[in-house]
Amino acid sequence: MSEFETGLPSVRLIQSYIKDKEQVQLKLVTGDLLEGRIFWQDHSCICLLDASETQILISRPAIAYLKPNG
Amino acid sequence: MSEFETGLPSVRLIQSYIKDKEQVQLKLVTGDLLEGRIFWQDHSCICLLDASETQILISRPAIAYLKPNG
Amino acid sequence: MSEFETGLPSVRLIQSYIKDKEQVQLKLVTGDLLEGRIFWQDHSCICLLDASETQILISRPAIAYLKPNG
Amino acid sequence: MSEFETGLPSVRLIQSYIKDKEQVQLKLVTGDLLEGRIFWQDHSCICLLDASETQILISRPAIAYLKPNG
Amino acid sequence: MSEFETGLPSVRLIQSYIKDKEQVQLKLVTGDLLEGRIFWQDHSCICLLDASETQILISRPAIAYLKPNG
Amino acid sequence: MSEFETGLPSVRLIQSYIKDKEQVQLKLVTGDLLEGRIFWQDHSCICLLDASETQILISRPAIAYLKPNG
């Protein structure tokens, strides 16, 4: 999993959302729409904190799109 | 399958759920919502023990998200 | 396909189901629920024998979960 | 694509269906059920000949399962 | 992406459809059925020209099957 | 992720849409149809700017097809 390149624009954009505690929406391939702030990312997952501070471990391949919840 | 890196945050979070016998929810790409505690994980699967202690072998690519069932 | 590691817990669990002629349920990403016993596995597929001894070649990525049919 | 191993049980089973002009059913992840005989396989696809001898090029990842149409 | 092997039967069949300006149907995993002629293919996509000569860039993993529209 | 080959026809077509600020439609595997212009692409994502200039980070595997919104 050394192929997780922190210099990738998509990785850096998510990193900026983490740093700014940006509220985001994640649409999953299941059709689920999750909301919260991104806590961390790694090669295989994105960890979302929802409104009740629950850690939701989301599998990257299950993510359709991600955007600021503005 | 040597790329299963036990140092990854997502792998370690699941490892902590295993150790703590945390009750979790798994949403699958099929829409199924499974509940139980995680028995073990390997590169390709997560093994869940449901309420009747049945081993459910879940394929990683089929997992949309995972969270504590709190 | 040399990455099929027979020492993986998930591979060994399936191998034990094969040896014990365990009746299993397989939930597919299509929503199909297949029942029977596992005849063999390889890197890309699981071969299921249904009640009429028909060989059903199931693609691994199509499998959501697998459990004993108990 | 050198990883297409002709010695794999699943590849050999399909090869036997090709040789025997076995009528098969293919269930796809779209829910489609295709019927015909397998004309050839390669690393990425299975080519099916339907009743009107039309070549249907099926992407392997789209296949859920395959079985004799008996 | 050097693994795009132009000698593969599936790649060559599509190449013949391109050369012959064959009208084809593409069934996608979304259930969409697209029609037109294939303009070109590369490792990750197939470019379809529909009836109005619009270029539709189709992701390979999204393709379920492809057949002549005869 | 060094396998992101900028010389690929599909990558270059998207690059031309970026440069020309072409309005495009993206159909996702979820069935969602997104519209906007492509801001940038990298190995794993396409970043779309919608009508309100919101950055929508779209996972490549979630894309079914992409075409000019003409």
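By letter and in written order, the chains are A, B, C, D, E and F; residue numbering begins at 1 in each of them.
By our rule, contacts are C-beta pairs under 8 Å (C-beta built on N, C-alpha and C of every residue); 3 or more make two chains touch, one makes a residue touch a chain.
All values derive from a computational prediction rather than experimental measurement.
Asker: Keeping to the contact definition above, tell me which chains border both chain A and chain C.
Answerer: B
Asker: Using mean Cα positions as chain centres, tell me which chain lies farthest from chain C.
Answerer: The most distant chain relative to chain C turns out to be F.
Asker: Could you label the chain C-chain D interface same or different, taking same to mean over half of its residue numbers are used by both chains?
Answerer: different
Asker: So what's the Cα centroid distance for chain B and chain C, whole Å?
Answerer: Between these chains, centre-to-centre, one finds 19 Å.
Asker: Centroid from C-alpha atoms only, then distance chain D to chain F, rounded to Å. What do you get?
Answerer: Computed from C-alpha means, the inter-chain centre distance equals 32 Å.
Asker: Could you say which residues in chain F touch two or more other chains, in rising order?
Answerer: 28-29, 61
Asker: Which of line, ring, star, complete and other names the graph you get from chains that touch?
Answerer: ring
Asker: Starting from chain B and stepping next to chain C, give every chain of the ring in the order they occur.
Answerer: Cyclic order starting at chain B, direction chain C: B, C, D, E, F, A.
Asker: Spell out the part of chain A that touches chain B in their complex, as residue ranges.
Answerer: Residue positions touching the partner: 1, 28-30, 32, 34, 40, 42-45, 47, 54-59, 61-62.
Asker: In their shared complex, at which residues does chain A touch chain F?
Answerer: Contact set of chain A toward chain F: 3, 5, 8-10, 13-14, 27-29, 31, 60-61, 63-68, 70.
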